Amino acid sequence: MASKPFAIIAGVGPGTGASIARRFAKSYPIVVLARNPANYQPVVDEINSSGGQATGISADLSDSTGVRSAFEQIKSQFQGSSLAAAVFNSGGGFVRKPFLELTETEFSSGFEGQGKGAFNFAQNVLPLFPAESQGGLKYPPTLIFTGATASLKGSAQFASFAAGKFALRALAQSLAREFGPKGIHVSHVIIDGVIDIPRTKGWVFEKEDAKLDPEAIADSYWHLHTQPRTTFGFELDLRPYAERW
Amino acid sequence: MASKPFAIIAGVGPGTGASIARRFAKSYPIVVLARNPANYQPVVDEINSSGGQATGISADLSDSTGVRSAFEQIKSQFQGSSLAAAVFNSGGGFVRKPFLELTETEFSSGFEGQGKGAFNFAQNVLPLFPAESQGGLKYPPTLIFTGATASLKGSAQFASFAAGKFALRALAQSLAREFGPKGIHVSHVIIDGVIDIPRTKGWVFEKEDAKLDPEAIADSYWHLHTQPRTTFGFELDLRPYAERW
Amino acid sequence: MASKPFAIIAGVGPGTGASIARRFAKSYPIVVLARNPANYQPVVDEINSSGGQATGISADLSDSTGVRSAFEQIKSQFQGSSLAAAVFNSGGGFVRKPFLELTETEFSSGFEGQGKGAFNFAQNVLPLFPAESQGGLKYPPTLIFTGATASLKGSAQFASFAAGKFALRALAQSLAREFGPKGIHVSHVIIDGVIDIPRTKGWVFEKEDAKLDPEAIADSYWHLHTQPRTTFGFELDLRPYAERW
Amino acid sequence: MASKPFAIIAGVGPGTGASIARRFAKSYPIVVLARNPANYQPVVDEINSSGGQATGISADLSDSTGVRSAFEQIKSQFQGSSLAAAVFNSGGGFVRKPFLELTETEFSSGFEGQGKGAFNFAQNVLPLFPAESQGGLKYPPTLIFTGATASLKGSAQFASFAAGKFALRALAQSLAREFGPKGIHVSHVIIDGVIDIPRTKGWVFEKEDAKLDPEAIADSYWHLHTQPRTTFGFELDLRPYAERW
């Protein structure tokens, strides 16, 4: 029996990751990955109790052994199913500090979270996509990475995070160029602004709707997923109308 | 009497422009602009005969007087309606030639078609958007420009077209930064590859689906239009999975 | 009799152009072009009275007929000489205005001054470079264009100037890719900041040396000129240490 | 006793690093760092035997402890001297492989060599620059990083190296923005092509001089070093005239 295709969302907390999970759960059973069950459990429960199907698995993406074991669990749960989409939305590695106060570990944390985390995720995700052209999927298999302002600009005191986000973008480009011709859609979305999530509730701007809406971000990820392979979008930048850039 | 909001698509031939027109005509009465009725009449007829509402107007966008008169016609036809969306998809100005064989007129044609054409279009379009926040529109008022590979890269023998497309991108950025904070969504889509239209039917590639699908391009334009102002996408690059880039 | 190789500097006023002229006049007889003799005469006199050799010619670079006639004069004066270097430093086309107040002529002035001006300059300059590899010149024949912050960013209210500077960069890239393989060195220098020239004397910044030094800019142009063809620099961005970017 | 200012070049083998070392040794006593004495000893001997002053120290830049101990040695040798310039030219981390064959260690090696290596180098170098404006140096204190084609483009099968070079560029930008306003000149040079060094002797191209000349690269590094702080160049791309880009 061919099971339904499924999706995996990595980096799910109460913000964008949860919105992406909700959006993809409208069409697919989903797996959400986060370091801490406290991050993913609420959205997992919400999806399961409203007619969707969600599984949460704890994993630190920068730890290859842990990621592999999480994917063993996924493969055994979804045996016979095709992976339809995977989103890397991990927030790891944000540090802001004068450069000379930065420790080597702090500097590397940007790459650990963004570069190595995305590497481990991609290595485990790519073999789960169907080998043949779309393999019965409605849309081309899709791998989306979440970027940030720091993907394009290394600001003062942001060396760690920018190094991680630049490295993530390099990885996304390299994968798009290697796997695009195989029919896999690799995208990189640049989130340029503050997202309206619980953690930023108290951040007040001149205009009250000056923060990115995580549901709208999720809609754009879904849109990218639905593009046919003749017309793949690689990079999209999203920002609030009130943002200076 | 409040009429329905409408949309304007400039640069409509049998290819991408027609697909964009069809897509926006699902939700709005539309006006299509092209230099030559032969270009827009088929899609106008098709839309009108299948339940939509379309008007074709002949205009050379690089001629400000002609554009103004076309817009007088539009304003009188859609009096009381709000403009919901406008797309600049003009193909004008493509010349490929060794630089020393290029005449001044040929070199300038890239800017005439892309830069000045887009300027004239934007100047007439922007005042038709509702002054107040969205003014009753379902989605934020949207102005989308069509870019190309040459928007980012000045290739050998492409000085004219690249100069035009670079200038168009400069204009799009400038408008996004000036009108974004006023709630108007300005976007720039980079079409990086050959589009599957009548003119390119005979172009054969190793992979048979190696050309961009104009319907899928139109879907992405529509998606950009539906984004809320908290989450505006500015730039999206679209290319076939088989494209080298 | 083989005469000395010479250089042409276009866009010479009391600022950067004069410094570039002075720098190249240390090695070559030079021709300076500007719309108005009042702009070039002081530096022409200064160079001629201090042991160099300079000729000033009035020309509006956006007027192809005028440019051609200026180059007839140049060709007759430097018959038998090779052109060693040419610099396009024209400042034309700067307009800052709310977009809806911009006239078509104002918008086009950016392209007229930067795009068409550079086109006319390049078309007349390129045939004067030696056809054979360096043709006895000490350094590869060199054509340098002056860019600005607006070459990379279309800011609000800068549509005209940014369109012109983007178009100029497209032209420079296209020429570098067409003429580089023929041994001609085409470069584009991005001046990102205020230059310390008579016109900006009154502009006060927190740090007193926060403006670009035109002599130092000229040194960088000269450095680019001296690069061998194995090692051509295409783009260099210059800014004051105190500049935010 | 005030000693002469000195320079440090990291990543010195028989190629570009040696040329940079030779160039800076014309004006400063220099220290060269490399993993292996076999790499730096020839150029150290050459400089010392031809009237210059060079010291070689073995260090693996991705190992912070080793770097610190190398710098203890440098500080004790150059006590009382100011550091005038430092160049990070490390080649570490180049791997080319299908993504799914890449091990985590191989993927991370790009960041280890380029990102972390540059971090360790910068952290030790920056405190050696004079605290006060130029501190008696002839030119502003300068820190230059060597980039590559992969600094701007993540090609297929280049995920590791591109991630490292993107991260390095992020770091360079961040340092330029933090330390530029303090008068320290931070630059990033993009070497886009094959360099003519012993390792590439056998690589034959259609045009015989189609490889970058390391001496010319070194001249451009030196030129960047001599720029006054009013006129800092941040990024310069260098490529052979025959290169396609």
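Each chain carries a letter (A, B, C and D) given by its place in the written order, and its residues are counted from 1.
Note that in this section a residue touches a chain if its C-beta (ideal position, glycine included) is under 8 Å from a C-beta of that chain, and two chains touch if they have at least 3 such contacts.
By chain, with names taken from UniProt: A, B, C, D = Oxidoreductase, short chain dehydrogenase/reductase family.
If you're wondering where the values come from, they're calculated on a predicted model, not measured in any experiment.
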Exercise. Taking each chain's centre as the mean of its CA atoms, which one is farthest from the centre of chain D?
Worked result: B
Exercise. Same or different for chain A and chain B, when you check if over half of the residue numbers at their contact belong to both copies?
Worked result: same
Exercise. To lay chain C over its twin chain D by CA atoms, how big a turn is needed, in degrees to the nearest 5?
Worked result: 180
Exercise. Which whole number of Å gives the spacing of the CA centres of chain A and chain B?
Worked result: 31
Exercise. How many angstrom between the C-alpha centroids of chain D and chain B?
Worked result: 46
Seminar exercise, completed: Listed in rising order, chain C residues that touch 2 or more other chains are 177
Seminar exercise, completed: The answer for chain B against chain C in the complex is residues 64, 98-100, 102, 104, 107-108, 111, 115-116, 119-120, 122-123, 126-127, 150, 153-159, 162-175, 177-179
For this session: Enumerate the contact residues on chain A facing chain B in the complex.
Result: 140, 177, 180-183, 185, 196, 209-213, 216-217, 219-220, 223, 226-245
